[in-house]
Amino acid sequence: MRLNPEGKLELLKRKVIYTGMEKKFKPKPSLKTNNDTGFGSNANNYGGRFVNRDGTFNLRREGVPFLKRLSIYHKMLNMPRWKFAASIIVVYITINLLYSMIYLLLGRSQFTGMIANTPWQTFKELYFFSTETFTTVGYGRINPIGDGANIIAAFEAMNGFLSFAVVTGLMYGRFSKPKSYLTFSEHALIAPFQDKTALMFRFANYKDHHVLTNVEIKVSMALRTEENGEAKYNFYDLTLERNKVDSLSMNWTVVHPIDDNSPITGFTEEDMRNADAEIYVLVSGFDDVYSCSVLQRTSYTFNEMKFGAKFIPMYRESDDGNTTILEMHKLHETMEARI
Amino acid sequence: MRLNPEGKLELLKRKVIYTGMEKKFKPKPSLKTNNDTGFGSNANNYGGRFVNRDGTFNLRREGVPFLKRLSIYHKMLNMPRWKFAASIIVVYITINLLYSMIYLLLGRSQFTGMIANTPWQTFKELYFFSTETFTTVGYGRINPIGDGANIIAAFEAMNGFLSFAVVTGLMYGRFSKPKSYLTFSEHALIAPFQDKTALMFRFANYKDHHVLTNVEIKVSMALRTEENGEAKYNFYDLTLERNKVDSLSMNWTVVHPIDDNSPITGFTEEDMRNADAEIYVLVSGFDDVYSCSVLQRTSYTFNEMKFGAKFIPMYRESDDGNTTILEMHKLHETMEARI
Amino acid sequence: MRLNPEGKLELLKRKVIYTGMEKKFKPKPSLKTNNDTGFGSNANNYGGRFVNRDGTFNLRREGVPFLKRLSIYHKMLNMPRWKFAASIIVVYITINLLYSMIYLLLGRSQFTGMIANTPWQTFKELYFFSTETFTTVGYGRINPIGDGANIIAAFEAMNGFLSFAVVTGLMYGRFSKPKSYLTFSEHALIAPFQDKTALMFRFANYKDHHVLTNVEIKVSMALRTEENGEAKYNFYDLTLERNKVDSLSMNWTVVHPIDDNSPITGFTEEDMRNADAEIYVLVSGFDDVYSCSVLQRTSYTFNEMKFGAKFIPMYRESDDGNTTILEMHKLHETMEARI
Amino acid sequence: MRLNPEGKLELLKRKVIYTGMEKKFKPKPSLKTNNDTGFGSNANNYGGRFVNRDGTFNLRREGVPFLKRLSIYHKMLNMPRWKFAASIIVVYITINLLYSMIYLLLGRSQFTGMIANTPWQTFKELYFFSTETFTTVGYGRINPIGDGANIIAAFEAMNGFLSFAVVTGLMYGRFSKPKSYLTFSEHALIAPFQDKTALMFRFANYKDHHVLTNVEIKVSMALRTEENGEAKYNFYDLTLERNKVDSLSMNWTVVHPIDDNSPITGFTEEDMRNADAEIYVLVSGFDDVYSCSVLQRTSYTFNEMKFGAKFIPMYRESDDGNTTILEMHKLHETMEARI
């Protein structure tokens, strides 16, 4: 685990230079591949990992016009708060600049009540006339009397009106956008579990009140293999000790027992690297704050798997004995475990 | 059933001091535990009941920054109406105080049309200038003419604009938030039912027009047991006489027959207490006013179970014979029943 | 079929006076009752039909405070358009009356710019000052200068602000409320179908663009019977020739074959009446205009069933041969059919 | 493939003139028809194709009043952006024209502060008074003083208020309307696939961030046949090599193997034409930007099927090897394939 200069965990890329000398992963014939991942198998056409840690696909589109491809709604909804506020302020200033330019071109004589003596003062006065029109404040000291000024002001007021409607919609969209507030452990661990070895990771909901119900998890693994001299990826469903819980109130440790049905039975760290292993995680559930199904994706590449470590417990009884405490800061904490 | 000073039913805590002398609950080996409740089994790490009567989990989070943990949307949506209104008024007064302070600092000379003679009057006049700017009323007697005042007023008008958008979003969120308007009987009853004994509780929708469709119910029970000297909780699905109805137009009495498949067959009140029994109820259905699935949780601890009582009927034909009357006030009413 | 004075189909009530002389319906022991309708079986506690033609339950609540029982959101959303508009206008006029009363009490001296000469003129002037404050127009000829007037005006502007937010939310709620725009045939018909007899009704979507997908239908029948001298209702699922279609683009005729598995095999009109027959229909589907599941209920009592009639076809090829025409006006049209 | 004058692909109509000499399609008795398409089978009542390329049904309604049939919400939400903006501007201008007419009728004497000298100037001045009232700007130079003008202005301000609410709702509706941004290949191809022949088409999501999850596809085929001298349509489910994928991040080529279970085994282009073949495609999935299920329909008639062509690959590794590139412009590109 390395932290990059901004203090964030540096997520290693999956890109590996193959020397041709590595032991190749040969799947057992009895292993059933998962054909429904939605990924094609041609290894040469893929770059880097399949899925990023934040759940987005590691994919770019080409040949679609930018505006058609762009999802403005998605962009405005997922922008950090400060950026959203900044965008609004910038747009506000720009629109008013535009309108005040037009008023300036129409000329001062189209307005009554102005007190400016210099061109610069005139510009400023018209700029603030524009803001009070756009926001529909309309103090009214300055008043359009010329036809041009009246038409533009009527248009600007309507424009303000509509901008307001847009912003209201976006605001509400941001509020009400369903999200599954899950954090996943930084590493997937491979360690003894009961009398076998298992691959494990865990996650929890960090938001108060947002309890997921009917939570299901699906974990697939991509392994690079060679068939008839051609590199390709095989995808496998990982069987889980448990793949659904009724309510996700606490943390959940997902366990894939590495037994004979596992594609990685007997793998060493080196083997994982050679097979370019990546697991792809999809959690779904019902959030009753939004009364909506929510999804969250993530992935772990072989660089994000740790051998010989297990998670430490992360809940305890409160001091007064009346409540249970979920210790979220321990989510990523592990201790050594002999394999 | 005790009422606390505010007249509400006092819900007893599950916390029990064990003397070590109690008969321990030993589950029959044939009983299948439910591993999908989402709760861990380690009894020592749990404090108090699992789920509160209102359906929230009896759980606190630690180690997540307050703002990240806080669900403002959830808070604003679930606040009582008067609190929501009060918050808005307080915010409104505060924001205007802030802006009027700035106007005061900029100085009276930045405005025309003021009539105040004393500093206190000046403050008041600027305060109300601020309110008419923020709400975009803009009467216009007082008018910003200085640059500072103009900039701040333009900003305040936009700020008012945005606040309005936020409030509109919250209002709509409050209106349209799907809820399952269910009330549950105060007690779960244990009484004879047909030729067996059964555990029963009932619930009904108290809201007109809100009919739940495809209603499903799931009831689990937590029982404290000891294994190898360690206290732990076992969770059991309770089999129900009926676990779904097509439409919840009336009340529904949920019946768990206490037969050989029940984990509490042969239990006395004392046994329930010793096993720290708690049942966890999850109702889901489709509400066609919101066109949305809704969920409601609740729980009954052993203190909220009553032996030897059964529910009295709660509907009757109307006097004119054309309608059925649902007598909601009888929801909690029971009569004695010999066990 | 009778039309009442307003030209609407008069829906007969199910209420029947029993003389005690009727042949009683005796269900065959092999018939399975449907226990999941959500209705209780005690016949004496029911008044009139179970479900109204418009799909609401024929049910009233008692013992819940009016405001708790009332679903304002549902009310405002399902009000006819003119009533919604009228409510808004009435509320608007009333609120302004209230505020203008307060301004009148505070006295004319708290305002500048007034031109009224008589008390009646003063009231009118203050009333229109109130409207321009509430709507945040704020022309500004009249201006509050007294403290009281300023405070109330600041409050009124905020109040207007919030009212606007409420109305915006309601408007959007009305727009975006998912609905299944289905009309059902006025009668359920009992007529020969292929080589058997069948009970049939049909329905179609009358709205352009609103296509239901994955449409499922469930039909249950309530029949009054006597068991041990006590009148009770039995509920039966009716088996349907087809109970789902992929897309409801056209009309759908729902067919229940009256064979040995039908509870009403061999019934005459008289038998239907004696058994107080009512069928309860629940249609569900996915509407992709709203991207939402929608539900619609209806019911037919024995008075709304017709023996010896079948539906006439209701679609045809367009004249240019390029399109299909759905003839909605023929939905209720039937022709005679020998039983 | 022909492009019409506007450069769009001209979609041929299915309408075919039959000479009576064509080989008639005779379905094998073992083939199971799909009775759940929602289409009736009477061929003479159908005109043109069943489903249009854009997924709407080729259907018109008759006998429903225009306003009842019209889905305004759907219309406003699916209008192109420029048309939506234009509608708003037209409505804005019209409403203000109406109000200014009323003000004109009431007479100039009902207002103070007017400076107009000619009737035309008076009209203009009142028009702009109307716009500042409707938008609640309210500069206030012109002021209603007569009762009539006051009442109308109060009403207009409220009207502006409500129009704003409507527009806000529509804007938000447009933003947040769930859509499945899928493009389908222009043609369905019939070509060798592995060791059989198959019918294939493909589609992909052209929008960034919008990943569909749990994607299912259902493909049905309509074939015209003759039974007892009567033309009718039979509908068949087409079995697919794969009918669901976990996530639609990339493109998906849907493959129907033309084997013994296929209704079109052994068909030539001529046979397809004679049987008036049309396939109807329904894709459903969960979009986590909207947290909503979305649907998309399309269809291919025999004119939109191509024999002896297969798709070329449409993704590749990026130059730096860290990402995969989806080449959307290649979606429709095919190469020759011997059958």
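Each chain carries a letter (A, B, C and D) given by its place in the written order, and its residues are counted from 1.
By our rule, a contact is a pair of C-beta atoms (placed from the backbone, for glycine too) under 8 Å apart; a residue touches a chain by one contact, two chains touch by 3 or more.
Computed from a predicted structure; not experimentally measured.
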Chain D against chain A, contact positions shared by both copies (same if over half, else different): different
Furthest chain, CA centroid comparison against chain C: A
Chain pair showing more contacts of the two, B-D and B-C: B-C
Computed distance of Cα centres, chain D from chain B, in Å: 41
Inter-centroid spacing, chain C versus chain B (mean Cα positions, whole Å): 29
Where chain D touches two or more other chains, by residue: 132, 136-140, 164, 168, 172, 292
Footprint of chain C on chain B - complex, ascending: 88-89, 92, 96, 115, 124, 128, 131-132, 135-141, 164, 167-168, 171-172, 175-176, 206-211, 213, 215, 242, 244-250, 252, 286, 288-289, 291-292, 313, 315-318, 320-330
Chain A-touching residues of chain C, taken from the complex the two chains share: 136-140, 168
Complex interface listing, chain D residues touching chain C: 13, 15, 35-40, 42, 44-48, 56-64, 68-71, 73-74, 77, 112, 132-133, 136-140, 143-145, 147, 150, 153-154, 157-158, 160-162, 164-166, 168-170, 172-173, 177-178, 218, 220, 282, 284, 290, 292-295, 297
